[in-house]
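Chain IDs A, B, C and D follow the sequence of writing; residue 1 opens each chain.
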């Protein structure tokens, strides 16, 4: 199988996993933040990073990112409730913070924004090491209103850091639509930092993946940061329980018609990468994997008091 | 008389002030049509429209800063920053700058700004951090934290009418909980007056926010052991009602300070230190502090529960205070 | 005298006052931040605001801004040392914070950046009042690296606030040159907020003034915020005592040759607005005024303990 | 032996660690060719070059955030934020996030980051604010404040080697003041050990930073009155050396806590509260706090002087402690 075909299948697989995660978790937990409709950005970004690269994902898609980097799905799902089997044994939540052991820097608080700066710092570390490492930061369009976006991009530009910033632009921050969230387009902010900006169709997983990989390659060559505006739409509510009635159903339907999974499936078929039977097989396999992981996670135990570790707040103890 | 939750009472108080004074407006994330997280602003947009109930981008520093600017120009802005967990994003504008302006301008600048924030361990999992001590450390800004719906209404109205910046804290565990009878008419609870919620001779228990109810539960359990605690609901950390605290300790000779905020350098330390300095002659026993230990709030529900003071922890603190002196 | 001529003379007068302030204060105080070479931006911005407009000046030029708004020069200079006669009776410093009674919002701490947000808020107040008021915010190129710049501009854009942001772009933040302070040009940041951006010659006082007044008129009409990049050069050190040896003397000399006062003087002469004698007269008058004010300020007393007012920290007392 | 100022000692300590460990680097505003405000980084750029002595834009949150990110990836960054007055701009990254990462990751993340900041009333007029209590309130981050050049060198080296974020505070009033003899070789002063700087039987005086010298002056004056104070130089607020404090109070029975930071909710309150809880049985008198009142630091030099504790204020606090019990 050609390299390209392998990549396309892997991208599809990750999109399917992302959607299955939404379905399975969303049914169990009204507080879950689905990435419905945004799977192309999730898969396009998180597939294909190198070992040693730093990944700083958006919270929406964090479990998929952790999974793509090699995390065990059952343990990741155990982190939704803080089970003892999760990567932090229940000390923290997996839906906003992936395991650091996979090179992931997640959200260690509820505050959106600072992770872009952590990504710049991870890129600075990579630059000091000079072994071609990069950092990839993904963030929401709403998050782009935070001053952290500005400080991180400017710092990265001035220090010529190997970091790629991708806006998972789903046109909403909770109920706030783009028009009320930001003047101008996110992509147009790149020029103000002297950084290349690229608008991509965020419903086309290949377009996203190629853009991200292109920017990463450029960063690896020492040519500095880039900003990608991956334009898509949040088809679901902000949370699983959010009816999202602050926008028209026509708008939602219009975007549903551009479903990234359907689009890529059509391409796989038309380019002869997979036939209908193989596609169905893939779907079934992913579905079974996610469901099995969820069953395991749900039956796992909660942590005991030994996990609390009031004397383990500092590295080195006390 | 209306029976209202704390959420309803706060919104009702804001609405009354917005009706009274055209200079009052509110801004924040998702407070318009969406009604605010946990319905923190439910109904305001419908009544007052988008000009006075302003949805903003995710720019906490920007909107608190804009609140300071609008307040300096004579408005009475309310800024809803969603969660107290984001206090670190606005401290410069709200506290360092906003708190200093009146004094530094030799009394000419006024910053009648209310910043609202939800916090606390409760049914909503996350965003529980209580960092109010940071603001209490700064001059020129008040800190209010109601323990019940009636006070919440009266205190939010007082906060809006205050000519100083006020950090107004809404505990998520109390938010949609029990309903209180709220008297009709213009109830205003002055900022800086602690309330006696249980009289007792043995130990003064100083509590605030969600800890008040837990102290009351502890008080009932302790009464059965023959220990009568006196509970003060502090209501404000700034201004601090030193008189009521000291006069209660003068009577009981013992004090336990209860706090959901982390213990080290929390505002409970200030209360204990104040009494150790100004009320030492009354003290018969060590001043106890029952507080959340200094640890990042763990996520698993059962771990989380272990660190937040409950009625048992409070009662244990009281028993320790009774064991000496 | 025509309206235009009056304005040109007033602009010249304010530039001269700015330079005299630098000369007189700089000689007395090594910590003074001179605006040498930047007088066209100072005068171009601060001349001609309406009563009721909010002015949020850059710290460098604050005394000139306060003077332009009607502040008494001797009292402003008394604020350099915190004399009893200053506008705050010594509680605060006049070199970074002008008197609020003149509609000035200065720096109430050492932190650069938040004042841009205060300006947005002042503009929001003006918008709510709907009487055509505006806010004018001036800030340094270095300050534009702070996240506050981003949050303030975006908020102003989204809410269509009547506020004009002017970057007093002297190409330095202490020792940090533009190239190491920001990727891209400041003016190019406007597009990212959907706001008009205008680059002006910051050594041409008329160009600055016209651009600022144009943007203000637009804001008054309800058409929203604007960003002006007033490009100039910090001819002096960061402080009076800074030799500024982190840049070449050729660069400094090149910019000295474009002295804004000399440029405008030449225009006044060539356009027949003032003759050489009148110009000399103006200079002498301004110089005498500044010197007299400084003498007065220096002989004024320090505040007594009654100014301390530990019970006056809160409005309403205690 | 070299005679060095605190500024020189801190820079020498950093340079030694940069030589020892290629993972150590420093970033901040104007720290390269310019050498840092008050020469805080003088000579580092010349020795280590622009790759490891990195000039940055005015983006305090950005550079502290970048420090956190680089530390997570195994570097040992030092970030110079110029002045502690800007702490409110970096609290989220440094404290709330940075302090929680080790714990939340179940011990897998480490954030060996040092944030340096100057502060304090001294010859440099402005930027004096001392907000360290904010950080002390947070879990997972240490707070160090040397009172002399020797400790400054040893503590900055310990801070750089520490696997946790450390806020390292440099008092501008001590910075270019007296010189200390600094022994040759690798002196490291462990974080969390208070130092006895004067032994005495009557009153324990807990001081830190510039207050240590003032306490010593007060001690000399008081000795002439026959009052012998015992002075502890705290050196770190986190970790707090509870043992040394308590054992001194066990001996003297009296304590005065001295602090240049504002009194209300300052770290002095924590020390007083800790002793009122854990050392109550030793106490013969009220715990005194001598601290700056909660007022924005006034600008006029004479007003500024009135609010910062000096040796007379400290001596007066000691005399009050002696007057009871």
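In this text, a contact is a pair of C-beta atoms (placed from the backbone, for glycine too) under 8 Å apart; a residue touches a chain by one contact, two chains touch by 3 or more.
These numbers come from a predicted model, not from an experiment.
Shared contact partners of subunit A and subunit B, listed by label: C, D. Of all chains, A has its CA centroid at the greatest distance from the CA centroid of subunit C. Each of B-C and C-D has its own count of C-beta contacts, and the greater count is at B-C. Rounded to a whole number, the gap between the C-alpha centres of subunit A and subunit C is 44 angstrom.
Averaging C-alpha coordinates per chain places the centre of subunit A 40 Å away from that of subunit D. Note on chain placement: the centre of subunit C and the centre of subunit D lie 36 Å apart, centres being C-alpha means.
Each of residues 57, 59, 61-62, 85-86, 88-89, 92, 96, 100, 103-104, 129, 139-140, 294-296 in subunit D touches at least two other chains.
For subunit A, residues touching at least two other chains, in rising order: 88, 91-92, 109, 111, 145-148, 150-151, 154, 158, 180-182, 307, 309, 313. Contact topology of the protein chains: fully connected, every pair of chains touching.
Of all residues in subunit D, those touching subunit B in their complex are 85-86, 88-89, 91-92, 95-96, 99-100, 103-104, 129, 131, 133-134, 136-140, 238, 240, 261-262, 264-270, 272-278, 280-281, 283, 285-289, 294-296, 324. Considering their complex, residues 54, 87-89, 91-92, 97, 99-101, 105, 108-109, 111, 114, 116-126, 128, 135, 147-148, 150-152, 154-155, 158-159, 309, 312-316, 318 of subunit C touch subunit B.
By the touch criterion stated above, subunit A contacts subunit B in their complex at residues 31, 81-83, 88, 90-93, 109-113, 142-143, 145-147, 173-176, 180-182, 246, 302-303, 305, 307-310, 313.
Those residues of subunit B whose C-beta lies close enough to touch subunit A in the complex are 29-30, 32-34, 55, 57-62, 83, 85-86, 88-89, 125-127, 129, 293-296, 298-303, 306-307.
Of all residues in subunit D, those touching subunit A in their complex are 25, 51-52, 54, 56-57, 59, 61-75, 77, 92-93, 96-97, 100-112, 139-140, 142, 162-164, 239.
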